[in-house]
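Down below are the structures I want you to see.
In the two complexes that follow, subunit A is the common piece, with subunit B as its partner first and subunit C second.
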Partner chain A sequence: MTKRMRNVAITGIGQTRHRGHREDINMVELVSEAVEEVLADSRIDLKDIDCIVHGNMELFEGVHQPDMWHVLGDGAFGKAGYRITTGGTTGATLACTADHLVASGMYENVLAIGWEKQEEGMTTTGITNMADPLWEREIQTGAITGTHGVMMMNKFGEPANQAAAEIRVLMAENARKNYKAHLRIDITREDVLESRVLAWPLRLLHMCPESNGACAMLFSSEEQAKRLPQKPVWMHDHITVHRQETFDLVNMGDLDTHGEAARVLYARNGIVNPLKQIGVFEMYDPQSWWALDWIGKFLMFENGEQIDMVLNGDFAIDGKFPLNPSGGVVSSNPIGATAIIRVAEAALQIRGNAGDHQVPREVDLALASGFGGTFWTVLLLLGKDKPDK
Partner chain B sequence: MGTKTDKQGREIVEIRYEMGIPGTFATGPIMGHMLNKLKDKELWGNRCGKCQNVLFPPKIVCPKCFVEPTEWVKLDDYGYVATFDVVHFPTVNPLTGEMRPVPYTTLIVALPNGGGFFHFCLEHDPEKLAPGKKVVPVWREDRKATPSDLEGFVLADDQG
Partner chain C sequence: MLRKVAIISARQTTYEENKSDERFQEMCYPLVKECLEETGLDFVPGRGIDFGITNSDDFFDQRTISDGPMGDLVGTGRWGGEEKVATDGAMAVMYAAAGIASGHYDIVIVLAHAKESQVDSRNIVTFHTFEPFFTRFLGMDYTQALGLQAESYMHKWGVTEKQLAEVSVRAAKNGKNNPFAQRTDKITAKDVLGSKVISAPIRELDLYPVSDGAVCMILAEEKKARALTEKPVWITGYGNCYDSYFLGDRNLWESMSLSKAAWSAYRLAGITDPMEELDLAEISVQATYQEPMWYEGLGFSEPGKGMELFESKQTDTGGKLPVNPSGGQLCGNPLLLSGIVRTTECYLQLRGEAEKRQVKGAKRALAHGTAGPAGQFHAALVLENDEGGNR
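Presenting the complex of A and B:
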């Protein structure tokens, strides 16, 4: 692991029920739903929180500095505050930031809040605005892309097509066990393969929804974790990798930010066999074709071994390597919250109180990943036990 | 703006908005030179003196070697499909605010002497497109030194 000034624990988790429509409340009220839940979960008094880290995608709702507006919903009055907006990875970066702020000794209890109210703006327009305006912006399709699907189809043929559909079916099965998930649909492989084409071979049911939701997590020092009642989940390590401007477009294999993140994180944490050592992985899966490709990247497969594993059911909640028991991003996607939900769900699995989507085994180590529009990976490792100093 | 009532009889009031932000982006001399050359139906990249790779769009430093490119290079007037997206989901062109007609196709053009770039493909049949197929540019009549001076690429076979 990397050098750490002191240990940091996740001591509280709160989430809204993620939904396609929340016109009954405004953004401030949405954020407060997650904050109220994290306060109840951690049983901390708001006065004991030193700092609030707040994040979403400003271009989605078109509100700049929403952290200023949200003070009455998130409890930031009189406290230190930071605002994070790193695109799709925002939520993961929130968790990394809160971890650093506590580990540094600067603060004892830091509340990280990620949120998005996507029905209030234009998501794809927001995403395309992130592209360089001198050449690529006009050509950008946002997150609606089938390029990885095209590559996988060329390399592995029909089994890849079947596996991309099957992994979506599994996510729906998991989401039906998670009452907070947005899309809790009952679908078959045929439904996925017959849904309309968005960008061949990407189909509607492969793609994540636009959701409204928020997620808040409390990060505390070891001393505070002893005082707070929840079973602490320890931050072991995290890494951020991105290379938008430097990769070779033609050789997409060059864009292996996931693989690079995994290699470095595993090496410095003694993980030689992730399939055995990691108990659960909450992976940022914006669409099922990317999911299928990325499982291979994170698990260091070179020959598409994940395709057979998907078709064998190895990634089910009770399978060999549980993947996204929450239902993943294809089931719930309030973007500024999406990546912190991955961290929260991984932590719930370690705590053992994820509810109906709890994996039926003891989880010692869990992975959570974030992904952003500029090919940006954040990978976090959480543990049941304190990391070795 | 409108008001309605939800299932519990509560008032639901929403404010409708539309955001238009006019703006101007400075291109800088390197991107500017390339964009200006589009008016002559020419694609110009720059070459890294260290790795000899041709960069398009041209860059201020080579992303592999982190040194300044040494010379301008006129690209060949063809390339190859690296990968493509036939998009059926209507999206907004963020530079104009107009919806794009669907389907439209984006592709990565692999250049004969290395590197590649994003643009549009005017062929929308995924059965006809495949990595490795040769493509040639189609230029607009009215060119203004913007990326859309190049309307897109078509399969070289279709050009006879």
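Presenting the complex of A and C:
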């Protein structure tokens, strides 16, 4: 456990309905929808928030330093604010940022806002632009890659193919219970396996959508949390793990930032059996092949045990280890918000008011992960009870 | 802050119009190496540097996730962590301090970079800060916004172009003492008034030059800071604040956000009269009119009296409160980095390492950064050496 100077609680959660088209509103209005909801959820007055944390991916919408314009809708006028961006992990990083800012004693109530209005730009162009202009840009395909799928297929054969499709079907089932999710589709394993190939064996239905959405979360000191009416969800720990920039094409499957993050976080927090001790996991799953591989990494499986678990239905909302009851990233993906939605959904499950996609049991500890950059991981641990100081 | 935080090492590049022979990483690497050598630290979480904070911007780098290529330099090669602050450099320092004060990290490295030469920073990058419905069609960018603010300020308080030209003259004079400065040639008021108009009433020599450069810094909690350096520079006050967005919604001749940011920092540092209680200030002056205007926002003078204070020579090097002995941003540093360059200059001053530009006996300093159109956002840091409390 890292030393924490003081406890930090999640005291409010707000999200837009994540949708593919929101021509009816502009970016500021999108952000303000989430902010209005977090204010209503936490019952805090805007004047009691002393700091706003803001993040997205600038080149997706083509607005430079959008926090300046967003003052009109995010409540930052006359307040302190930080703009933090780390690619796909941005949302998870925003939660870490808010945790730091409150735990440091610098601020009492910090509002973290992740957002993206992807219909304003061309996402794959935006992502391709992250590769080194001299060495990698010509071969970049954004996030559309079949490499992990090929590896899983080579190692585990057809069962992996079936499991990757099955986990997508499960995500769709969960998303249909979550009215905020973007894709609430009714699909079968056959639909997934017959959908268009993007990069074999990655198919269209394996892949996350481009969504418009925002998520705002309020983080408060213990003293403030006592004052606010929502049941607090406590920040226990978080870790950020990166790796070297350039992709190592020979060894791409072992870019084990997820595994490293899990190992350190579990060791610091006394987690010896994540399957038993963690009540729910909101995992950043940009595509179902990655999801299938990454469950194994986070749960420290070595022989693809997750494949059978998927086919057994163990990851369902009422299963042994509920995974992404919200429907996950393959159902909603407003990139700058995507990772903070994981944290928000994990917190909702602990609070017990996630709505139709609430897991039918008490959740004491929840995990939320973010993924982005050149295989970066942010992993957060939230709890129903205060962490030991 | 629940833990004391100090800057224990800082390095900057020279600032140049075009470092075309260096990529971002090449520009930064020597700084990182020097900071590591000076402190003897390595990238070993728990026993060395725990975390990296970078400062850059996707638009300035024309690269999505502009911190991607910088990770290797701040130790993320083997499972290290990194986060990017995408606004003025002073915010990266403030955020690094938050990570340490929270107890999560003990030692954090900060790396800031920008190469304005690779993009049309003045007219294309900052143009995109303006929202696409009303103001972008007008061709607005930060220099246009500065022009409007300059007009507003000068008209309100009767300040003339001739008076403001002296701000540039002094900056160049101070910059001559700064080996990192870009604009160091002696200039006269006549040169300023004869230079070409960029955005009326602002002329080329009224405005900061487009610049490339980088800064690296290491911050640590108290115990480790003491073990690692003889001369830690403590962060004793911090503050930042947003003003409203549309220029028409603000009184452009005054700055609410600067006052709020500065007084948050002063309050934490126990300062009630900044003019008396600071030994020097390094402030981000992008255009000459901001020198008197920021004085007013920072509480150095009454509203409308900033120019008078400048002309009284009290803010000259050797005066009561030297401002920008380095020459400041008018002598060159990338727009995005100004706050962290100012912080680095204060750090050098408080360690007595500012060489020819040293303010004698400096114990407490103010570093200021700004972002957004016409100073919409401001950040302020109060820094002190071990003598800071004994003034």
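The working rule: the second predicted complex is superposed on the first by the 381 of 389 C-alpha atoms of A that agree within 3 Å, B and C clash if a C-alpha of one lies under 4 Å from a C-alpha of the other, contacts with A are read in each partner's own complex, and residues count from 1 in each chain.
To be clear about the criterion, contacts are C-beta pairs under 8 Å (C-beta built on N, C-alpha and C of every residue); 3 or more make two chains touch, one makes a residue touch a chain.
Predicted, not measured: the structure shown is a model, and the values here were computed from it.
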Contacts of A:T141 with subunit B and subunit C, given as first, second, both or neither: first
A:D24 touches, of subunit B and subunit C: first, second, both or neither? first
First (subunit B), second (subunit C), both or neither touched by A:E245: both
First (subunit B), second (subunit C), both or neither touched by A:L198: first
Subunit B versus subunit C as contact partner of A:M122, first or second or both or neither: first
Partner contacting more residues of subunit A (subunit B vs subunit C): C
Touched partner set for A:N154, first subunit B, second subunit C, both or neither: first
Which superposed partner A:V272 touches (first subunit B, second subunit C, both, neither): neither
Footprint overlap on subunit A, comparing subunit B with subunit C: 62, 129, 133, 245
Subunit C residues touching subunit A - in the complex, by the definition given at the top: 1-3, 51, 57-59, 62-65, 67-69, 71-72, 76-87, 91, 94-95, 97-104, 125-133, 238-246, 256-257, 260-261, 264, 371-373, 376-377
Subunit C partner contacts - residues on subunit A that touch it in the complex: 2-6, 26, 28, 52, 55, 57-60, 62-65, 67-69, 71-72, 76-87, 93, 96-97, 99-106, 126-127, 129-130, 132-133, 239-245, 257, 260, 372-374
Residue numbers on subunit A that touch subunit B, as the complex places them: 23-24, 62, 122, 124-125, 128-129, 131, 133-142, 144-147, 150-151, 154, 196-201, 245-250, 252
Parts of subunit B lying in touch with subunit A, wherever the complex brings them together: 6, 10, 12, 14, 17, 19, 25, 27, 31, 35, 57, 63-64, 82-89, 91-95, 106, 108, 110-111, 115-120, 126, 130-131, 146-148
